[in-house]
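Following this line, the structures themselves.
Look at the two complexes coming up: subunit A is in both, with subunit B in one and subunit C in the other.
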Partner chain A sequence: MSNLDQLIEELKRDEALGEVELRLAGGESVTAILDDCRAGMARVGELFQEGEYFLADLILSAEIFKSAAALLEPHINPEQQQKALGKVLLATMRGDIHDLGKNILATLFRVHSFEVHDLGVNVEPEDLVQEVKDFQPDFVGISALITTSFESAKEATDQLEKEGLRDGIKILVGGAVTTPEVKTYLGADFQTHDATAGVAYCVNAMGGC
Partner chain B sequence: MNFKERFVTAINHKEADRVPIMGLIVDTATSCKVLGKQPANILDLLKEEGPKDDLLAMLNTPEVWNQTYIDIVSDNLEAAAKLGYDANWAIYTLLQLHEDKSTKVGFVWHDPYGRVWEISEDNNGNSIINYAGGLCGTKEKWRAKMEENKALFEVLPDYAREFHCALQQRFGDRIYPVGYAAPGVFENSWQPMGFAEFTSLLYQDADFAREIIAFHTEHYLRHMDAVLDAGAEVVLGGDDLGQKTGPMLRPAMIEEFFGESYRKVAARVHERGAKLIWHSCGNINALLELFVDWGFDGIITMEPTAQMDVAQVRQQVGHNLALIGNLDVSHLLVKGTREEVEQAVEQAIAGAAEGGGFVLSAAHSHSLIDPQRLQWMVEAGKKYGKYPLVR
Partner chain C sequence: MSLRIGIEPQSRWLTLAAGESLRDALFRAGIEFPCGGKSLCGGCQVQLLAGEIEPDTAEKEYFSAEDIASGWRLACRLKPQNGMRLRIEQWQHRAAAPILSDTQSIEPGCEETYRIAIDLGTTTVVAQLLNMATGEVLSVVSRLNPQAAYGADLMSRIDYARNDEGFAQLVNTVRDCAGAMISELIHSSGIDSALVDRAILVGNTAMHHLFSGIDVAPLASVPFSTIHGGLRRLESAELGWKGVDELAVWVLPCLGGFVGGDVLAGLLATQLHRERETSLLVDLGTNGEIVLGNRQQLICASTAAGPAFEGGGILMGMQAAAGAIDAVELKDGELCCHVIGQQSARGICGSGLVDAVACGLELGWIDPSGRITREDKRIPLTSDVYLSQQDIRQLQLAKAAIAAGIELLCAQMAVSKEAVINVFLAGAFGNYVDVSSAMRIGLLEFTQHQIKPVGNTALQGARLALGLASDVYDEQLREEAADDTDKVQLPELTAITEKVVHFSLGESQAFQSLFIEKTKFPESSATPEYQPEV
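For the complex of A and B:
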């Protein structure tokens, strides 16, 4: 029995990564190891929501997950490679440079096997629209922490509508200052202050559980 | 009673003639609208054809930078005075322009701590700068950068002293510029490295984290001394220690790593006979007892979008902290009606101003805050804030 999920829950980075290496050396399947990592991450998310854990804890668990995934990556053979559950495009729009929440969200999407393309911060509406054309995501996630970025987000969603790109995608908006009114203003499909809820929405929409 | 007496009286938890009103950064867009003027836009210079070596050399001359910077801050203070504020933040910053082809503009600002500030345009066409990451992602890079910038750290307090003295001279008869030693030790520690990188150190390389914190504490005390040298009775310090739902780090971890540093800062300010107001956004309810314990005398922004309720905080900490805030900048001061603004002012004053210890202000600043709404806030503050308060 492994205690990898427990080690991640307790934020013991070095021990957790050591355990990943040990289990890989023992010939265990990448999928089984990843599942334990996911279980640990889920527990950290719960503890954050319960107020037991704080932002830095959440971020550290995401860092541990990223390092574990990097260790596992070379061991995934192409046949075993899980098909991505869906494609997500993330951005913080022009006028906004806050990215801590968006970065956590990106990791959580990866934890749940989504393919993520993160455009970064201060993103021009036309760059987001272009990326929708190129990357063809299932979901567009807009992170907004400052009121000044609602306008640029609106320019982007209007342009997507105008170019007939809106119907094929679901738009999510999140971040501390977003409200249901912002969702309506942008014509988005989902709004939240909770990254886990955003990921759950997308998992459901892809018919996952 | 003049603006300064009003402000200082309130911070000392006494009732002045009325509740004072304070401004924060006063965004360039806001000050331009208030003053009806267009500031020089650095983007115009940077977009011009041809080599920029001379421009870079000129802007990176401390005298030119200091002069340009004080003129920008003076516009902000001028606007704050015109809005009818009693006091306003005044932050000294030392930036240097660097070429950076990876950015749209092709240039970025660096500060001595190792932050990168990107240049862009706000919704009104003004050039603005925003924190865009750091140059110190590893131990080696951090140590090298601090060594490289040794000379800048030496002169920064001197420049800050000159800046704050000059502002007192320029504005001393109109508005109280409250010297703000910013950013604080937490932000100076994490922003040049990245949040994930720095907070990981707290768990995995505590000794190095302590080295960083000790370095910045030392420098911060010198910066604070410079602010105090300008004759301040109230000074500001700050670090964003909260986010929407609670503190950024475990409160016990903040105490363990930063408690001593914050205590030293508060003690230094008190030794010099002044009061220390602390700026932090986000939900900091769980940190208020620590703030009192560290010796902070007040808090500023009390962000309503992060469940900071002035009346509740007053009940929680009594008159151990002066409270400054907390009008919403998501809706109220952007698009709120006059009635909504009046109501929010009346409510904040009723919740926290009895017995002094309350200063009215916006919960932050950004380019879409409407000067008309700020004007309504000031008018309502004067109407509902007269002492003795009408219950």
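For the complex of A and C:
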């Protein structure tokens, strides 16, 4: 009986990685190990939501997960290669350069097997729209940390609507200055101050796992 | 033929009698030569602001090549040249000590005029009337900034001013407010308004723009380009002020980005730009401004801490008003709260928050990651007031923004924090926060002897700026800059504005990981200076 998920939950990096190696050596399936890692990450997410964990903890957990995934990588045979759970397009809109929250969000999405395309900061509305056409994401995540960037976000969502692209996607907004009103203003589907809640929303929307 | 030499910071001309040596003339003007002019002590340092003079061997020995390049010389060695301008180092130090308290006089001048210093803050506006002949502050008025009706914080005002109507409203409100305060100062002191010839106004970038009537749209989004363009001069008539005729209002320029004229004033007050050694000026507020430098180099940045230091975004947070816990200390392992006014606690303000978290860390109720270790997940302060886990998180974000900003500027200038001789704390919060608590939570990663709360440096600087130029002197300078008549240049200011470099933290790759690192609290109160009272 392995306690890998618990080691990850408790952010015990070396012990967790040691456990991964041990179980690999024991011939266990990569999927089973990965599932435990994910379970641990899900717990970290919950603890972050509860306020027990903070940014540094979240980042540390993501690093542990990445290292674990790197150990598992060579053992995954191509047929087993998991399909991405969904595609996410992320951006901080024109006028705003805050990206800490968005970067954490991107990491968490990747941990949960989403394919992520991050447009970066100070993104022009038309560039976001273009990328929706090219990348065809399931989700568009807009991160807003200054109120003055709501305008450029609005330009983008209006344009998506106008070009008939809106229905195929779910739009999420997040960042410390966003409110339920911003969600309504942008016609978004979900608003949060919490990255893990955003990821959970997308996991659910894709049928959960 | 007699020679004329300009001397700073007095901004006056010194006339040398025919054949008189520079040393004698300077001595006559009050400059001391501690070793008697034998070039032994370096006590008569001056900086050459205009004029070309090769250093001699003694000077080359005394100064570094950099110092020489930026004009440092020894007054005892200099040969006089007509029209040369010198900045006298001695006078800086003598001036530096007394300017640190608030209604402190400035150097007496010789003119029979009265002038006004205005500190236009986002929340409060303060104005002082000075008698320039004696240098004394005659009276003071303060008011809340009436723009608050259109938004409490800067970003919301900038937002409001993005359409023409909103812009006009904000411009007029603030101009009317300043005008009314000036009338009040003049009338209450009973002096003839004709004797008041000038006001100097300082404010942050947004206030500078709004008062001057400059579009604030560029401040709403990246790259936050601000208008520099030197000192602005506005006439009372164009400001629509009634009852104050012929008053010139000079608005101190911004330094770049969100670092405004109030910070420039802070430099005048603390003389950071004059010292050989490196010092730091930090204005702790919703928007933290940081300047690091010495007489060679100045680098500034703004870092957004958010409203936690003012009690904003905190569950039971409030302004530092009656009923607020403003200080917390540990006595025999128990928390003791001080409440403003004779009443029971209703909430907690910024200084109380920093204290409470410092105590929480000492008691082990909060671990270095910021997690509350108590079962009830609270830091109980009084029967009604406590801190929640989220409150601690907010404080962590605010202090990380400041600490990471300071660290990056130090890295940028390649100075260690130990090498910073003074850490000047400006702004209201910086002056009432308990320094050892600020150290305990890692907001200020310095030692007690480095940290110096220096009061309202914006106002102090505005006052000093009043004394920077005599009319005769600035007429002369204005003639020199005849092509650009409404941009009055004061050498003392350009010495700063030309040197200062604005560093945009948002563009720094290193900021992110540093910021996350700084959200943590220091492990223990190992810093020897920290002694919680027991």
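Simple rule for what comes next: the second predicted complex is superposed on the first by the 208 of 209 C-alpha atoms of A that agree within 3 Å, B and C clash if a C-alpha of one lies under 4 Å from a C-alpha of the other, contacts with A are read in each partner's own complex, and residues count from 1 in each chain.
In this section, a residue touches a chain if its C-beta (ideal position, glycine included) is under 8 Å from a C-beta of that chain, and two chains touch if they have at least 3 such contacts.
Nothing here was measured: the structure is a model prediction, and the numbers come from that model.
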item	value
Overlay on subunit A: subunit C relative to subunit B, clash or fit	clash
Partner chain(s) touched by A:K87 [first = subunit B, second = subunit C, both, neither]	neither
Contacts of A:H117 with subunit B and subunit C, given as first, second, both or neither	neither
Superposition-derived comparison: subunit B or subunit C, residues of subunit A touched	B
Touching partner for A:E63 - first (subunit B), second (subunit C), both, neither	first
Touching partner for A:R166 - first (subunit B), second (subunit C), both, neither	neither
Partner chain in contact with A:H193 - subunit B first, subunit C second, else both or neither	first
Touched partner set for A:D14, first subunit B, second subunit C, both or neither	first
A:R43 touches, of subunit B and subunit C: first, second, both or neither?	neither
Superposed model, subunit C segment overlapping subunit B, candidates 149-157, 185-193, 239-247 or 473-481	149-157
On subunit A, positions contacted by subunit B and by subunit C	51, 53-57, 59, 94-95, 97, 100, 103, 122, 146-148
Contact set on subunit A toward subunit B in their complex	11, 13-14, 51, 53-57, 59-60, 62-63, 94-95, 97, 100, 103, 121-122, 146-148, 151, 176-177, 179, 193
Contacting residues of subunit B [partner subunit A, same complex]	118, 120, 122-123, 130-132, 195-196, 199-200, 202-204, 243-250, 253, 305-306, 329-331, 334, 366-368
Subunit A-facing residues of subunit C, complex	155-156, 158-159, 220-222, 369-371, 377, 389-390, 393, 396, 506-507, 512, 515-517, 519-520
Touching residues on subunit A, where the partner in the complex is subunit C	51-57, 59, 94-100, 103, 122, 146-149
